[in-house]
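One chain, chain A, links the two complexes that follow: it is found with chain B in the first and with chain C in the second.
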Partner chain A sequence: MADRRRINGPVGTTNPPIYDDAPEKQSEGVKVARSRPANVIRRMYLKTGVTPSASGSAYLEIESSGNGGSGLKLSCSVHGPRALPRSTPFSPHIILSTHVKFAPFATKQRRGYIRDPIERDLGTHLETALRGSIIADRWPKSGVDIIISIVEGEQDRETSKAQGIEAWDTMNALSGCITVASAALADAGIDCVDTVAGGVAALVQDAGDDAAPSIVVDPIPSEHEKVLAACCIAYLPTRQEVTNLWFKGDLPASDMDVYTQLIEKGIQASKSANRVLVDCLNETVG
Partner chain B sequence: MASSQHVLLSPAELAYLHASLSLTPPIRPDGRSPTQFRPLVAETGILPGTNGSARICFADGTEAIVGVKAEVERTRTRHDFPSLDESAEDDDDLDDNQNDVVKGDNDWVEMTVEIPGYRDDDAGTVFLSAMLSEALLADGEFTKRLWINQRFHWKLYLDILLISPPLSYPLPLLSLTTHLALLAARLPRLKSEGDEDPLFDDDWAAAPYLYPRPSEKGSKATAPAPAARPPVTLLVMAVGNNIIFDPSKEELAVADVALAVSVGESSSSTTSTTSSKPTAMDIDTEETKGHNLRLLSVRTIDPPSRLTPPGIPNASNSAYGANAGAKDTEKKKQQQEQARTAESEAVEGVWKAPRGGAKTLVMATMVQKVLEKGGVADEVLDALDGVDLN
Partner chain C sequence: MARHQNIRNLDYEAELEEYGAFSDEEEEELSPEDQVRMREGTAQVLEALGVEAHKVTKAQIEESLWHYYWDVDKTITYLISKYIDPPKKPAKTAPPKTAPKQDGTCILGKGSGPWWPTSLSRSSPVALCEPSLTTSCQAAIASASRQSFAHLFRDLPWGNIPPERQAVLIPPPQLPGGLLGGSGAPPKMSKLQQLAAARKKKAEEKSASGEVEQTQVKMTELTVNDNQASKENRPLAGVFGKRVKISETTAQGRIPLTMAEPTRPEIPQAQAPEASPSQHQEEDPIDPEPAVAPPKAQPSAFASTLFGPSSDSPKRRPREVFALPYMAISSYSPDAFGKPSPDDVVLAAQAKVATAGKKSANVHNKKGSSSADGVTNQVSQLKIDDTPLPKSRNLNVLSEFEKQKGKKTASFVVVGHVDAGKSTMMGRLLLDLNVVDQRTVDKLRKEAEKIGKTSFALAWVLDQRHEERSRGVTIDIATNRFETETTSFTILDAPGHRDFIPNMIAGASQADFAILVIDASTGAFESGLKGQTREHSLLIRSMGVSRIIVAVNKLDTVNWSQERFDEITHQVSGFLTATGFQPKNIAFVPVSGLHGDNLVRKSTDPAASWYTGKTLVEELEASEPSARALAKPLRMTISEVMRTPQSSISITGRIDAGSLQMGDALLVQPSGEKAYVKSLQVDDGEPADWAVAGQNVVLHLSNIDPIHVRVGDIVCDPAKPIQCVDTFTLKALAFDILMPMQVDVHRGRLHAAGKIEAIDAILDKVTGKVTKKKPMIVKPGTVSRVRVTLHSKVPLEAGQRVVLRSGGQTVAAGLLE
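For the complex of A and B:
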């Protein structure tokens, strides 16, 4: 028996009406093209020691794009090194645990409080990147927690509804996570072989039919017609070593040169980020 | 985590293994050549209730089953899709239009990985499934195969089960099994036309394959997507300058760096159609023989070697008189310095977990070895051709 006392909504789902004006605006060329040179990363602001209760912390902010979107804002806190609970088996090394979490309001689509697969995946990447830089055998039987919250994700108001862009944004988020976590680790005084920083490079195609694909560092996906491939690299500049490499895209196997160039540009982006990181740490010490 | 499960090897064993793997040519514990894979048993079509299924059993006893299930789902209309009435207006070029209209969405594929003994939200399991689905969705062509019409699409569920305990890092096994299951997957033949509610043929024998066979020319013409085969993810590791494929658990325990490289293949017939795409600028050289490989994704895998216990050189071992008789401070200081160098410098024959990352050159060579003509990816794809798909 249906409930007659109340006015019920329709059975089943309906889609909210969406008014069809945005695509026209896009075709008019409202999109802001990339104004930076191809090998320059966006400006970033990095500060360590922002959370007094943590043993190390850092905050990173990356400038937003020209499309009226939001930049990336990350805050990282490091707790430890501290003794592991008695129940855990002996470990000759420090045990890293990384948590990356988008704030529920960080992206266009609301994120829940439970970490979703993308966040867990980012956490694994971050762990790989950091484990290479930490001198883990100086702290046996201890653990350290690295917690990153992405306060504001990088999303453009106009273009994020177009598909497939979120996937490329995770790479930018990861590179930010690596840089900020490295700063926080240094702030916590945990011994590292070098400061590791993240860098992203992408093979993009700009608007226009005959435009050849080009490689840019620190890409903003919405500024380009299409992203063909991208890579995120965590690099140790003094040792000239890569601790984490994440490449994604679609490249013909005959184009190994493009792949090599992409990696080189990623390293270059990482070096630029590292300069900011080292300056920031010097400022804190000095 | 799946890759860093505990390896019960002593520092001395690890040092021995590392030394033998860094010889030229490397000597592997099971006597394989560096590019040789473990023997495996594969079969497809084992689960009648699925759209496609496969089982692979490696010689070391690890075994995986993959089932592919498809459901029809209503497509949520997005306003950036070309509107319906637009294509209805010019009915005569509908056929030309249709190829442009075919669009996929990454939400149409759902992949779950189940590894016994691990929670399904364990970081390692999530990493594995992210890696496998990333490779599958990388070129954006796969989801186009799931398009039925503008209102409906197939939702594909890929359930990957490791049924043995994870004796070695299960990535290559899971990837190969998924590859075979997708090759064997079939979707019912569509009887309805245009944007009607979809109606399918009851005859399962008439169901076309999700990835059309090269021999079936007719079905290929209607298939919109070019990629001829699902991707394969290979595990590669390096010890020193030696590059070793399909490492076993013990070999992975001494790896300096481990990479997962996903490789796809696009059929040679589509190279001409994609030549408008700028990446295909130098594929004009027609390659009828061999595979037309594409690099889809590369990921560093945290090698479990970083978690192995270090050995102690005699110089700093008190059992060998390292600190004995260190009465005066002068001597003590000297010995402390010695101990410090022992900590940072490698001592011959004493195992030390690798520190830092990998040289870029080594990483580039690893990827190149996978992709080069007649390389490992070619071999693996050839070998998978031999599996009977029923």
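For the complex of A and C:
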């Protein structure tokens, strides 16, 4: 029996509001086709020096696909280089630690406050991508923390859930993470061999199964019938080096060239992103 | 030693001869057209030399012709300088020969054959030891091998460094502010400083680019495959030039990274901006990256709010006029006071309705009842599968009950002000009736002594919770039972504290009659009469209990004073009569709960000899339990849910109406889930086949999930279920001022939050006629008809008694209509 002994609470009750969870329009039916050319990435907005308390910080926003859906919004802050705690064993080079966290409200499916496996995965990929660009041995016995908050996840939320394409969105998120982290590192003044930027290319199939799959850059999964494979690449343009490559999906077994082409396009996307990155840094310096 | 000898004896001449012979052999193998050309060339040279011709042999001419590859002019120059008019330096070593069939090879190698290690491993030995094979097939292999070598060395510049690889040394930029980190904003500078810095930068840029250009010019001059290169370098240049060319062609076709390469992103500082023309050609025609427009977006609303408007967008001027806040609300209209106020509207409407009040009330009632009828009709039409489990014996419970000649059963509730001695009196009663043995009481007494509450030992017989014992008050209903010769009684010991009135209501709703315990000691009685003595008697009367036995307790503390007893009797009977109890249903017994006088046995105290009436137990036996509603549909309020070995869900409670038997289907409301009676126990835990109204039973249920069964739920007959309602009309006796307000509705264990929606009428207490319609408030002590709305649906039906409480006070009690 409930405790109703001594504490007489207020007598009245209020019914909690109940929100109708059903989607207003059937989003699967309405499909927005890709309006950009296949080899053009979406426009993005990048700004460094947004968090005054951090050593370096950056904010990246990739504009929405144009159908009222939300874009990707990332905020990155870099703390360090700073001395490692005494307990840490000696390290001849800087120790990178990356944290990627979706805000609880970033996606349709609310995220918890504890990092889930996807976020951990993103963090690991990001670390690999950045490790290739940082000149790590300039900073012995020190560490740097790179913290990325995904303020708004990719996609307009309804479609993402309805089509089960959240996995592909993760790739777009990673490429954004790499670019914004690189900008924040530059803002923090940590020595790098080059600015690293992320790019995504995907093998997609449009308009029915009989059409031949094509390769597009910076894909929005909801705009395509089906995404067969995708890869996310972190690329150093002046050194022509790939620091991180994440490939996912199935390729048609007949054509071995597709893989190479996919990566080629990924590099192309990465270069385009790098252009924005360099522009932004130039703006800050000049 | 032997080996030294060997080496010493080695004939170098002979060894070298072999190589010479080898080269001779090669010369002999000149192709026929070469031999023709050789002949022609020799003739031309001899002709050109004229008189000097005797100074050179034909062999010399042929050799040099071969060397210069039938370039007659060069041969002549060479021969003149070498043999005819020699300079101070004599013999010049023959320049290294190159393979004669160079012309077609690069075309041959371009598209054919694998370009990577297979060809290398196969053809490299051939190429290494036989550099001058002449057959076309061999040449093809050789060229293929060369191509693969070219690829091997592709990345080595060999002197002709492409412009994009040429290093530009840029002085390290000054870190802003001289320190690491920061928000990226440059340090503050005065205008003069900025101007100076800008000039300096410009000058640096200019000089840097100038230098770069100079270096580039020099580098192009250095390039070996340039046309202006010296003739001695020519063969070498040819080879390397070819290598480079091959590497380029290979790259064009096969190495993806190089192919996809567009223009390089500009390095921030001054830098040679023009890409080499070859690269422009290589660039993909649909390259998405025109050097002009990087895909930069405007900040979104979110970003611009975060970082302020971007620098190029016009700055919004702060508003100079501030609107009053309510002007922005859409419902605001400046002429609000031109119309009648909401209160006026309401009053006008009420005035209008007052005339047709009765009619509308009737209409409302009719509507309510008709809709309820409709629902019951529909429900009765519903075919609920309530076939009992095969276990059922299909008894006719009522005839069984009549056949049974057992003891009467009755339950009574013990109420009274806090610390009146209710629990102690019941403990003593149980002890004297040998329901509890002396040993248990002794044990309890010992425990009570430990915490310094010796007098509570008897109360602890019923108060078994830890909190009840430590606080010394009853908190929840305690049930126990005892039997006399004629009747079996169930005790419901109610808490006296006003905070636990809901529990007391739960107990009172299960009782046939009540014992009101009154503390006779000085002061206690008076405070009780103002307190819970009064509230409890009001409650039990409104719960439908009509028989009450007043136990005047603790008379031993006033030395069994008859005056005190009479005074109390007088006051209480007056009060109880006013509450609505009939005088014949009120009995008074002077008792001492602690010592047990006049409970089971007559008091032996001489001071109490004036009392000659019945003892408390005799009074209880004389009480007739109220009539049971046996023929009505089954209703039972669940007072406890527990797990037992017999079933995962066992419920206890008192059957309010109807009857049930083993195997019956039951409906639990408000969850609306069906269950079956697996087995049941009646009264004191005896297994039974059936039970009827008025009995306290333990039902072991099956086929139901525990989450659907809660304390306060009602178990009913699936064929005639109780309705769950959230609005009902109530004929209520007000204990406090009633107005439309928030109330708690209590019915036995059940309680729900709700509010008084409207007060329809004030009724006459005796006749039940309407004396006033639509009153604003109801004064204490008057009867009224109120409409109550609940926040959730609860099982209620007409004829049930409910209590309305608000803010910890009982405000009204009444009967559902």
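Following the convention adopted for this analysis, the second predicted complex is superposed on the first by the 247 of 286 C-alpha atoms of A that agree within 3 Å, B and C clash if a C-alpha of one lies under 4 Å from a C-alpha of the other, contacts with A are read in each partner's own complex, and residues count from 1 in each chain.
Throughout what follows, a residue touches a chain if its C-beta (ideal position, glycine included) is under 8 Å from a C-beta of that chain, and two chains touch if they have at least 3 such contacts.
Predicted model only: the values in this text are computed from it and were never measured.
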Partner chain in contact with A:S272 - chain B first, chain C second, else both or neither: second
First, second, both or neither for A:L236, with chain B first and chain C second: first
Touched partner set for A:K108, first chain B, second chain C, both or neither: neither
Touched partner set for A:G71, first chain B, second chain C, both or neither: second
Touched partner set for A:S254, first chain B, second chain C, both or neither: first
First (chain B), second (chain C), both or neither touched by A:S91: first
Which superposed partner A:K141 touches (first chain B, second chain C, both, neither): neither
Contacts of A:M44 with chain B and chain C, given as first, second, both or neither: second
Footprint overlap on chain A, where chain B in one structure and chain C in the other make contact: 15, 240, 260, 263, 267
Residues of chain A that touch chain C when the two form their complex: 1, 4-6, 8, 10-13, 15, 37, 39-52, 55-57, 59, 61-63, 71, 73, 81, 151-152, 187-190, 217, 237-238, 240, 260-261, 263-264, 267-268, 271-272, 274-276, 278-282, 284-285
Chain A residues touching chain B - in the complex, by the definition given at the top: 15, 18-20, 22-23, 91-93, 115, 117-118, 120-121, 123-125, 127-128, 131-133, 135-137, 161-164, 167, 193-194, 203, 205, 211-213, 228, 231, 234-236, 239-256, 258-260, 263, 267
For the chain B and chain A complex, residues of the former touching the latter: 1, 76-80, 83, 105-106, 121, 123-124, 126-127, 129-130, 134, 138-140, 259, 263-264, 278-283, 285, 292-302, 306-310, 343, 353, 355-360, 363-364, 367-368, 371-372, 377
Touch list for chain C against partner chain A, complex: 173, 175-176, 180-186, 256-257, 259-262, 264-268, 286-289, 294-300, 302-303, 306-307, 475-476, 499-500, 502-503, 640, 711, 742-744, 749, 751, 753, 755, 791, 806-808
